[in-house]
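In what follows, a single structure is set out as structure tokens and then discussed.
Order as written gives the chain letters A, B, C and D; numbering starts at 1 within each chain.
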Amino acid sequence: MVENCPAGLEISETDIQVELDRRRPGQSSITTSRKEGDEVEIISGVFEGKTTGAPICLVVFNKGQHSSDYENLRHTFRPSHADYTYQAKYGHRDFTGGGRASARNTIGTVAAGAIARKILKEKAGIDIASYVAKVKDVEVPLPLDLSALEIRTAVEQNSVRCPDPETAQKMIDLIEKTASDKDSVGGVVNLVVENTPPGLGDPLYDRLDGLLSLAMMNIPAVKGVEVGGGFRMLDKTGSEANDIFYNDNGLIRTKTNNSGGIQGGISNGMPILMSIAFKPTATVLREQSTVNDAGEEVMLKVKGRHDPCVLPRAVPIVEAAAALVLVDQWLLQKTARYDGL
Amino acid sequence: MVENCPAGLEISETDIQVELDRRRPGQSSITTSRKEGDEVEIISGVFEGKTTGAPICLVVFNKGQHSSDYENLRHTFRPSHADYTYQAKYGHRDFTGGGRASARNTIGTVAAGAIARKILKEKAGIDIASYVAKVKDVEVPLPLDLSALEIRTAVEQNSVRCPDPETAQKMIDLIEKTASDKDSVGGVVNLVVENTPPGLGDPLYDRLDGLLSLAMMNIPAVKGVEVGGGFRMLDKTGSEANDIFYNDNGLIRTKTNNSGGIQGGISNGMPILMSIAFKPTATVLREQSTVNDAGEEVMLKVKGRHDPCVLPRAVPIVEAAAALVLVDQWLLQKTARYDGL
Amino acid sequence: MVENCPAGLEISETDIQVELDRRRPGQSSITTSRKEGDEVEIISGVFEGKTTGAPICLVVFNKGQHSSDYENLRHTFRPSHADYTYQAKYGHRDFTGGGRASARNTIGTVAAGAIARKILKEKAGIDIASYVAKVKDVEVPLPLDLSALEIRTAVEQNSVRCPDPETAQKMIDLIEKTASDKDSVGGVVNLVVENTPPGLGDPLYDRLDGLLSLAMMNIPAVKGVEVGGGFRMLDKTGSEANDIFYNDNGLIRTKTNNSGGIQGGISNGMPILMSIAFKPTATVLREQSTVNDAGEEVMLKVKGRHDPCVLPRAVPIVEAAAALVLVDQWLLQKTARYDGL
Amino acid sequence: MVENCPAGLEISETDIQVELDRRRPGQSSITTSRKEGDEVEIISGVFEGKTTGAPICLVVFNKGQHSSDYENLRHTFRPSHADYTYQAKYGHRDFTGGGRASARNTIGTVAAGAIARKILKEKAGIDIASYVAKVKDVEVPLPLDLSALEIRTAVEQNSVRCPDPETAQKMIDLIEKTASDKDSVGGVVNLVVENTPPGLGDPLYDRLDGLLSLAMMNIPAVKGVEVGGGFRMLDKTGSEANDIFYNDNGLIRTKTNNSGGIQGGISNGMPILMSIAFKPTATVLREQSTVNDAGEEVMLKVKGRHDPCVLPRAVPIVEAAAALVLVDQWLLQKTARYDGL
């Protein structure tokens, strides 16, 4: 359900489906082999091809699900998964893979994000890209020297969505080996947003970096977020880390970008840079010790088809999550200044 | 302004002042020498020593400010500070150190957090502690083997708020040297929350880790956030990183805590663990190149009294920010289950 | 989409359908003859018959609609309808009777209200009833001397939902005559809520009477709202209008109820009484003068099947709107007092 | 605390004080004789005469209060006042006349409304006026044939704020007689808003008439709200009540205004018309029977200085409440259409 979308925007299922196709399972040998079409239908909020101002209801019916794969999870809590915490919170949970804890819920983020991205691109020229920067200990060499648009193209050239072909192949090899070991790996997705105007974000309680971090941490499996230099800039002193302003033919820019495009919680016009850490997929096909809802210690062997590494499919999710934050802040900024009313 | 505080809670200025005193400037040789009493007054919402259910208005008047220290910032943007982004956003800014971009705004977080902490402690037994884990490259040896309560005591034994005395001294030496170099350093604050009941946090869009990350990123100078293992667990596979459940005399616990006490966005009853990266203070006393609001490149030398390292004073801010998130989620959980109504 | 419903509530399509059937068209000779099944499907948020804590998505597909009935409204604004204001607001509108301006949107209110009502009844014993008190100048004699439960039964004995049979027949006659004149009439629905505990509602900006008024005014065609004595008590002085407290075997009650069960924005435990004015249906089958979207004055004759009087079908809508406000306030009250945590 | 005010608006204490002076007690012989200066101070959010985009904190310290007047209310509930409901809700209340139940809280509405009104006037030319239309059974003859601006002037010519001098005198006589009887009276305030652009308000859950009704019902003592014809148009049929559109030199207007300027929850450009019913002041100086917090029936004689009729002082409150709703909707409308971004 997408609320507060301006009326009169041209939007179709195709605009949304293209992003869902980047997220859906079964795209390649290194993601889950579950076949889920993930076809979106617009149920309301669009009339004769344009948004009406009413909430836009997007539905993706859950078709490829094998409930039988999940029956042994009715009473047993998968380690590092949400089973136990849901049970503790609600006293009741959908254990069949379609509930609120399922990563399938990111379909909603990606679908809504496709609309957000269209507005940002058409009205503000904002370009959003992300890529797999690290899988376990395999890292892409940085800096990339690619624009956001170039990254968008490069990541679609291989199944792991790493823009450097050589690193991509190492990552694919690692993921395939991990899958054959019935294990899983995590890694880092980097986000780049170009052409963001200065001024987005609120200064104190809804800082742009805060809202982006919330959006990223709301993605399942994310355990860390950095903006700009993040943890990696702590070896510098202030005089080394500060981003020095200069006048670039009338445009105020900074010589470095340790701030990651955000200062005082507000965008400064430089590229927004974030790194997002995804833990290794909790669901592994090996037998693991755990407890059941009677508190008994039991052995669990999960069935079904799971991603040995969620990173390649996380790329469109990260972009969508960022687009949703940015479009809200961009719209809010329209009424932030009295001289602009 | 603290809203939605339950009525009938006993609260006094003293309860709040004790936390403000941990945050205020001028506490020691390694923080700013500005003298700010930061005395809190309760203006409304408390009657005969108890909250009334109305919003609680807390005021800390700004007394120690030297506006003259700031006059040279009227037209000039300090590097890596919020000056330029505020000007870009609002077309107008308070350059005198009392505006919304000032870290003085964290007084509000600390004051409100003191109330939140009292509720959490009295009603749920939740203990919140944090400490300086790293200053530039000086790190405390981990794990600490201290409870949250012990950490609270230990950090008050030295001016840098590091619970390990030997490391603390190294950090103090480093900060003093940095100050004499007219430079600044950053570091990491670790957060530990014990006795959180399982079930806090929403599963999808207001995940507990998401809300905590938002709260931390809303603190000035924070550029990175980790929950549990964060970026540091990426070298592990899923079978190594998963936290195995076991039955600890009737209590479901996990053998490791890479999840940092949060799974699927919901607390699991294990200690909540976070690491928060603070960049080096942007305001350094060295001359730096920058631009002014006419776009001209100028040299800037900042006057006044600034922290060479914000970490010691960040400890109560981090705790307060966490308390505010937790008390909201703890209250919300009271109505999450039909069988508890 | 119903959010924040506690987990573990038993709910089925049947619980909801029974209220939708009271609202749907085609129930009798005095409402529109459109046949709309209005069958509700629960798409998410319920698992094995119980709510999961996730948002509950209820869908009623629009089946009986004849779009051709509306083609002549593409460019023409019906008098006193939302056509012109939608066009002015959004520059674009769904003119086919399925848009956000259609009274069909009250299906959502009624469906969600059925869930709210179930919680209020099961957990707090709160009884909600409403009835048609006036159609044009035909009024039910007051006071009724019926409990809320008795009203609920009585209104289902006739097609106009007036609990007094004699008045009901006069109202039916009037509506039938109006329909044969291709005209429409309005009237008043009265609301009675019994067994509300004292203490619901916020004192200042979300007063219970304020929220109920918002909920009622959000129903299409409502143009007036009274709480307790409303406009009708203005001929009294304060000493006459004041509701005197007395002790009714340990229960504090008032001798009169001009306050309508709400004092200072908060329920006082007496029955909540409201009167809601519905204007005559804007869509009449007579030819009317109006303008089109080119600003030309034109004659319009509306086709289709419309209610000559919305009052009978408004009864379940008013009850549902009240239930939604009350359940929110009842849940909020669970955390309003420190001594109850 | 005024949030989301655009940055760069010129605002001073004087802009706000002028409206507070219309609301404050002690203005004339027919209002309370309490002397309260009600002087506003801007504590934050304004720098060098302009708003900064930060929340604007306005403080009016409570100076003229005699707590001793209230001591006999510590345990006793005034009839038709909020004493009992507050006690029931919170278990604790401020009985000294300064709490959240006091009509003094409308100072905040009036102060914030002054800022809203300034924006509406400067940027949209919107004129807001209200007047006392009825005191008990003394009514102003309608229609008035005065513009909103003329009403604003006319109501300041007499102490009761009725724009018709002859009716005003009858009202004053009635109020003075009521006061000498130690009793009170209520009445009706009418609201007129001119030059509202078409398109303000949301169609379904935040309808403009709904939000205005919420705002009015949130004012203490209000028990009824009408938009346009309200309850008074129920004797008409649809064909009589419908407002026929016509083209007034390129402007779409309606021949009548039973809709009160709002159709389908959205403004249509015609004047917004509302009537608001205020019950007789609950606090009368006669002895009344009531109960205390031990449940005992007792006699109560209230001391102090109270308004025998709140209507004259309600005029600026009604205007301010309307301005706050309208400015929010006017700002929201800036981002409602894609073609306007």
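The rule is simple: a residue touches a chain if its C-beta (ideal position, glycine included) is under 8 Å from a C-beta of that chain, and two chains touch if they have at least 3 such contacts.
Source: prediction; values computed, not measured.
Student: Touching subunit B and subunit D alike: which chains?
Tutor: The common neighbours are A, C.
Student: Can you tell me which chain lies farthest from subunit C, using the average of the Cα atoms as each chain's centre?
Tutor: B
Student: Go ahead and note the Å separation of the Cα centroids belonging to subunit B and subunit C.
Tutor: Here the centre of subunit C sits 47 Å away from the centre of subunit B.
Student: Between subunit A and subunit C, what's the gap in Å when you average each chain's C-alpha atoms?
Tutor: 41
Student: So what's the Cα centroid distance for subunit A and subunit B, whole Å?
Tutor: Here subunit A and subunit B have centroids separated by 26 Å.
Student: Could you check subunit B for residues that touch two or more other chains and list them?
Tutor: Touching at least two other chains: 7-8, 51, 53-54, 89-91, 100, 203-204, 336-337, 339.
Student: Please give the residue numbers of subunit A that touch subunit D in the complex, ascending.
Tutor: By the definition above, subunit A touches subunit D via 4, 6-9, 51, 53-54, 119, 123, 203-204, 331, 334-341.
Student: Would you tell me which residues of subunit B are touching subunit A in their complex?
Tutor: Residues 77, 79-86, 88-91, 100-101, 105, 134, 136-137, 178, 181, 183-188, 198-201, 203-207, 209-218, 220, 222-231, 233-247, 250, 252, 254, 258-260, 262-269, 275, 277, 279-284, 286, 288-291, 295-297, 333, 336-337, 339 of subunit B touch subunit A in their complex.
Student: Residues of subunit A touching subunit C in their complex?
Tutor: Listed in rising order, the residues are 1, 7-8, 43, 47, 50-54, 59, 89-94, 96, 99-100.
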